[in-house]
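Residue numbering begins at 1 within each chain, and the chains themselves are lettered A, B, C, D and E in the order written.
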Amino acid sequence: MKRFLKIYLDKPELAGLALLIVLVLVFQAKSNGILLSFENIRGVMGLLPEMALVAIGVTLLMICGEFDLSVGSVFALMPMSMSVILNSGVPFTAAVLLGLMICGAVGFINGYVTLQFSIPSFITTLGMLFIARSLTIVISGGFPPLLPPDLPTWLFTDYIGGSPFRMSFLWFVVIAALVAALLSLTNFGNWIRATGGFNEAAASMGIPVKRVKIACFMLCSVLAGFAGLLQVLRLGSPLPSIGEGLELQAVAAAVIGGTALAGGIGTVFGAIVGTLLIRTIDNGLVLSRVDANWFKFAIGVLTMFAVIANAWMGKMSRKIKVEAHK
Amino acid sequence: MKRFLKIYLDKPELAGLALLIVLVLVFQAKSNGILLSFENIRGVMGLLPEMALVAIGVTLLMICGEFDLSVGSVFALMPMSMSVILNSGVPFTAAVLLGLMICGAVGFINGYVTLQFSIPSFITTLGMLFIARSLTIVISGGFPPLLPPDLPTWLFTDYIGGSPFRMSFLWFVVIAALVAALLSLTNFGNWIRATGGFNEAAASMGIPVKRVKIACFMLCSVLAGFAGLLQVLRLGSPLPSIGEGLELQAVAAAVIGGTALAGGIGTVFGAIVGTLLIRTIDNGLVLSRVDANWFKFAIGVLTMFAVIANAWMGKMSRKIKVEAHK
Amino acid sequence: EGLNIAFISHSSASNTFWQAVKKGYDDACEKVGASCQLILTQTEGAVEQAVANLQAAIASRPDAIFVAIVDNNAYDNLIKEAVDSGILVLAVNGDDSEGAKGNARKAFIGQGFSAAGYSLAKAQSENFPKEGPLNLVVGVNAPGQTWSEQRAGGVTKFLEEYKAEHSDREINITRVDSATDLALTADRIGAYLNANPDTTAYFDTGYWHAGVAKVLKDRGIEPGKVLLGGFDLVPEVLQQMQAGYVQVQVDQQPYMQGFIPVMQAYLWKTAGLTPSDVDTGQGIVTPEDVPTILELAKQGLR
Amino acid sequence: MTTPIIECRNLQKWYSGVHALKNVDLTIHPGETVGLVGDNGAGKSTLIKILSGVHHQDSGEVLIEGRKVALRSPKDAMRHGLETIYQYNSMVPTMSIARNLFIGREPMKWSVFGVGIMDQQRMRAESIKAIADVDLHLRSPDALVGELSGGQRQGVAIARAMHFKSKVLILDEPTNHLSVKETDKVIGFVRGLKAQGLTGIFISHNMQHVFQSCDRIVAMARGEIVFDKPTAETSIDEVHALL
Amino acid sequence: MTTPIIECRNLQKWYSGVHALKNVDLTIHPGETVGLVGDNGAGKSTLIKILSGVHHQDSGEVLIEGRKVALRSPKDAMRHGLETIYQYNSMVPTMSIARNLFIGREPMKWSVFGVGIMDQQRMRAESIKAIADVDLHLRSPDALVGELSGGQRQGVAIARAMHFKSKVLILDEPTNHLSVKETDKVIGFVRGLKAQGLTGIFISHNMQHVFQSCDRIVAMARGEIVFDKPTAETSIDEVHALL
């Protein structure tokens, strides 16, 4: 039992899960049971896949030791460029693929510039944050083109059976599972962790660290773009302003889920738990009818609290003295 | 000569200065000489001290290995709380000091929570970003209280003689000089660098790393608050929304000026050069009449370019083969 | 040798509303052969950036400067400076709450935030049920930002008056932080409506209630059960008006806000005519107006 | 007999799942030079990290000069006169040699409450001397520690410890990375401690070095002390056989 | 005579203001075991970092088996059969021992274009064996490298090099931090290279170790090679006198 508890608490993402359950219970009580009502879960589950996909991409990139502040802008750029392409008569699938390729290109540029000139990715992607947002506005010509009405949006937005989950949730689950597998089962995942854990060591052991990082940059951008697509299809309109401020939220989700800012450590599951925590806090506060002026206050305090509680559980776990691996 | 060039280029802040001169020349030409006109310099020099003070605080904190995302909110909180205090009849000097003490307290909380629970300062200060902003709005009641008309604002906002500089510039120069001296001449500055350069080593050599970091957190918040005060006195009204987005800009200025994101390296002068670069780019683009939709694009590209050019100059310098210290 | 004009806004380029202003502005400038520049900020509602831009604009000595005055004090000195050096300064979109007394600008073209909020609430109140309790929600999209606070203030002002008038009915007014993001607003207000299904009306200080309408539609709630209203005519809102979910929308006619001041400046320059205040409308738009507006929207005029 | 300068009683230390120290008792008298040997992972570094305040024991106590002390930070340990060279070099790579040498003990021109202006000239001058004292050849005290070779770095660490001589000197594998000449210097230094009335703890895997310089050999294995004899009463072979 | 397996011609290397290698020529024949010695900062690590692709020379060339090669990254060097243990441990502290051992050379269940599913069972099993081979006692291959003692870490690095035997093995002060037993193991291993037809470069400050295991002694000082003789024709004293 003690050993089990230790192993459990040792993993920050599982500690996060415990915390999530506590928060859910509190908010469930405070909202008179509405938090877990079918309708509300349905609402939360609409936004979750989008946020979580971005957080997963950012987590991946943070594990390999880099940063991406441009995700929010890419989140807007992909659906906007897709709409423009669609409106020029290209079929849906091709437009989606083209849009994702644009995201891949943005990620490539982020990575290439960062590594080629050895500058911090913080700056490269901060620059890209502005550039991609500007491009989004430019290609929309200021006025967002409407989406053609006959798109197969059911593929992304319809509810699955009578469940509170949309198709987008399915996409998210599949992608998350794939990325998680990439990270823990493949040699590429090993390289990502090694690169972020100690770049010089990884390089000296023969890992092509630059290529690994560029791949992560690209994956991160593509995931952010795909998430933006999901949102736009769900809401029906490609506004040029969507995704603003998403970059900090995604990093927060990653860190709450146990990803180390210094790199090398993190899991896909943690990113999901982190996103869920953030969404639950947001949702629970709305249900608890917090005043507009105090809303951010509560968000700030609870975010801090989540990470503190997580760190505390980790510390407790380390204090449990069980002879490991005998 | 070669040696001189090398020593010069080796310092990222001096390389940044070279870059600044180039940019000024380009924009001076593109704006038909308006960039360096008295009027325009006067405008740029109004905002510069405020931004630079924030960047200096952030640089200091980054040198000791931590991060502060809450500066933008503290920037708004200090003048707002001061106004509220003023409106309750407290005299100006006392109100300013009280306001700065509130900032100090915010910094202390940032530092204490970060270190006590060993959580990343990214999260603590992200939480504080929300908390301080929310408090600003709460105490303003949504609508900013007016500043009493009889404040000695000349102490901060009057122009010095016929120069384009305001009194705020003088404050800024004095504070910058003091912080620079703190960093390079005192033992405390040595501790800051050591703490950020290699925390464990610093601790093992007997430096009270926690106290050093908390002091930096506090100094950073106080500087941000003071900068906010300067801005509000200049604009004449304590808006609850000022300083939004300042956090990323301050970090960008620090990095452009040669501060390492990983800690241990950086200078006050670099922070100032970085801020000047950012302000020049912004101002120069306005004067060059860049289209509104492309504006962010240009900002993004030039920010990246500044850091790339800086890195490149450093690399060139390292290639110059002069036997050093013989 | 045409007019030289700079237009200083407190808003950022991704705000669709300002893109319509830009269109009117650019079109007008082309018509009169003026050389025009619109200067936006990098973060939404950044007064300090707008002030810095105003200063830079003054330094380049244009013939006229249009500025959205979203604070009572911050712009005053610079506007005086500009006027003193012979530049025509017009307030566009936003003005000092004291009007012409507030600062040295020559005229105001636009619609006051507070007044617009008041008229929105007034128009929507026509649709309130005639009896029973009223649960009214005011979404402050950006707490602390002038445009959002003042619109919310206008809305609240009317609602309080309404409440006083109908002291026999139970009327609750709630302020929530509803965020400036279609998805977030939809999420938050959607959740709120779950928790409070008896909500009568939701007022947005922007156009983000279009997301809320989408949520209601998804849930199969019929139009009109929860009344929705807000500001600015973006395509999303027009769609939802057609669907019946949004009952009233305040339109400040952004194209006009961009177009008119250029004309006034032109006349001032060429004919010495004094610019005068233009109210671009308390423009209450209801679903009947939508088809015509959609037509104009295609041309980028609305 | 004199009061022991260091006395450990029943020290226990766990690293999460690893029991690194099991009931360690160790008494060291003033003027002794103790050689601490043992297999990799025996717990030597852990023991000295507790003595130097980097880690804290889970149970048991440490007495210095007969008084129970709580060593909460390296600063505490230094205050009690314990100076340590760690197995992994603890220098700040981004700072110059001169600054590294004096971190936390900067000579001051003047100061208030411990904070003030450093005497940088003195720092440079003294560091040049300190480095020369360990026979290290360096280009300049202004070179960054991060740009030094492995041995040069270790040399700087030794120079620091020799410069700030303390009551007790703890050296965790100090001769790693060092050239022959400097190694001799270090061994000479350890042997000289006694003459100056100082106490030393010297960890090394090189038995020759330990036997050349210490009065007493303590061996650890799997977190316990398994051997403790004066050097005169044992031999390299005996210790070898044991490990 | 056979083609030399490694030939350096006129290597020069500057680190910003430091001239670390000055016209270094070195020829190593297949099957030789070369002991590289020299004072701290002599340039030994710099030389081998160029050979292993971590740094790049400013001028001069490297030939492997008679062909000129550009060693742009450690990967390149590995491809040419050069395997290196660095002076400063290059293991990823946040990863397990088993994963560290196989970084970049993971055994695969299946793969496409070099990316695929790792065979984690095999990694565990083989790493247990590899560690046992160097007489290291570790609790589990799943322990994190960051939680190992200094010597344990070094042991893992050695295990890795021994496991992936290559044409040429470069060992930069491999016995630092190692216990007596393991040190013997390493020396035995270096001596055994010849029998397997492998080439070795062994850097150490311990002359005994070098003379016990190498055929040829090369000494560096201040960036130059100042001495180069077969072990049989020289003595520890001669080398000592020189340095």
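One rule holds for everything that comes next: a residue touches a chain if its C-beta (ideal position, glycine included) is under 8 Å from a C-beta of that chain, and two chains touch if they have at least 3 such contacts.
Small disclaimer: the values here were computed from a predicted structure and weren't measured.
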Along touching chains only, what is the step distance from chain C to chain E?
-> 2
Determine, using the mean of C-alpha atoms as each chain's centre, which chain is farthest from chain E.
-> C
Find the geometric centre of each of chain B and chain E from their Cα atoms only, then give the gap between the two centres in Å, rounded to an integer.
-> 47
Could you give the separation in Å between the centres of chain C and chain D, each centre being the mean of its C-alpha atoms?
-> 70
If you average the CA atoms of chain B and of chain C, how many Å lie between those two points?
-> 33
Whole-Å separation of chain centres (CA-atom averages), chain B against chain D | 42
By the touch definition above, chain B meets two or more other chains at residues 133-134, 137, 142, 293, 295-296, 299, 324-325
Residue list for chain C, restricted to those that touch at least two other chains | 13, 22, 42, 140, 143
Sequence positions of chain D contacting 2 or more other chains | 16, 18, 139
What does chain E use to touch chain D in their complex?
-> 15-18, 38-41, 45, 87-88, 136-139, 147-152, 154-155, 173, 176-183, 205-207, 240, 243
In their shared complex, chain A is touched by residues of chain B numbered 69, 113, 117-120, 122-124, 126-131, 133-135, 137-138, 142, 248, 251-252, 255-256, 261, 293-297, 299-301, 303-304, 307-308, 311-312, 315
Chain E touches which residues of chain A in the complex?
-> 185-188, 190-191, 193-194, 196-198, 200-208, 260, 264-265, 324-326
Going by the contact rule at the top, pick out the chain E residues touching chain A in the complex.
-> 52, 54, 73-75, 78, 84, 86, 89-95, 99, 102-106, 108, 111, 114-118, 120, 139-140, 142-143
Parts of chain B lying in touch with chain C, wherever the complex brings them together = 31, 34, 37, 39-40, 42-44, 46-47, 50, 76, 133-134, 136-137, 140, 142-143, 146-147, 231, 235-237, 239-245, 282-283, 286-287, 289, 291-293, 295-296, 299
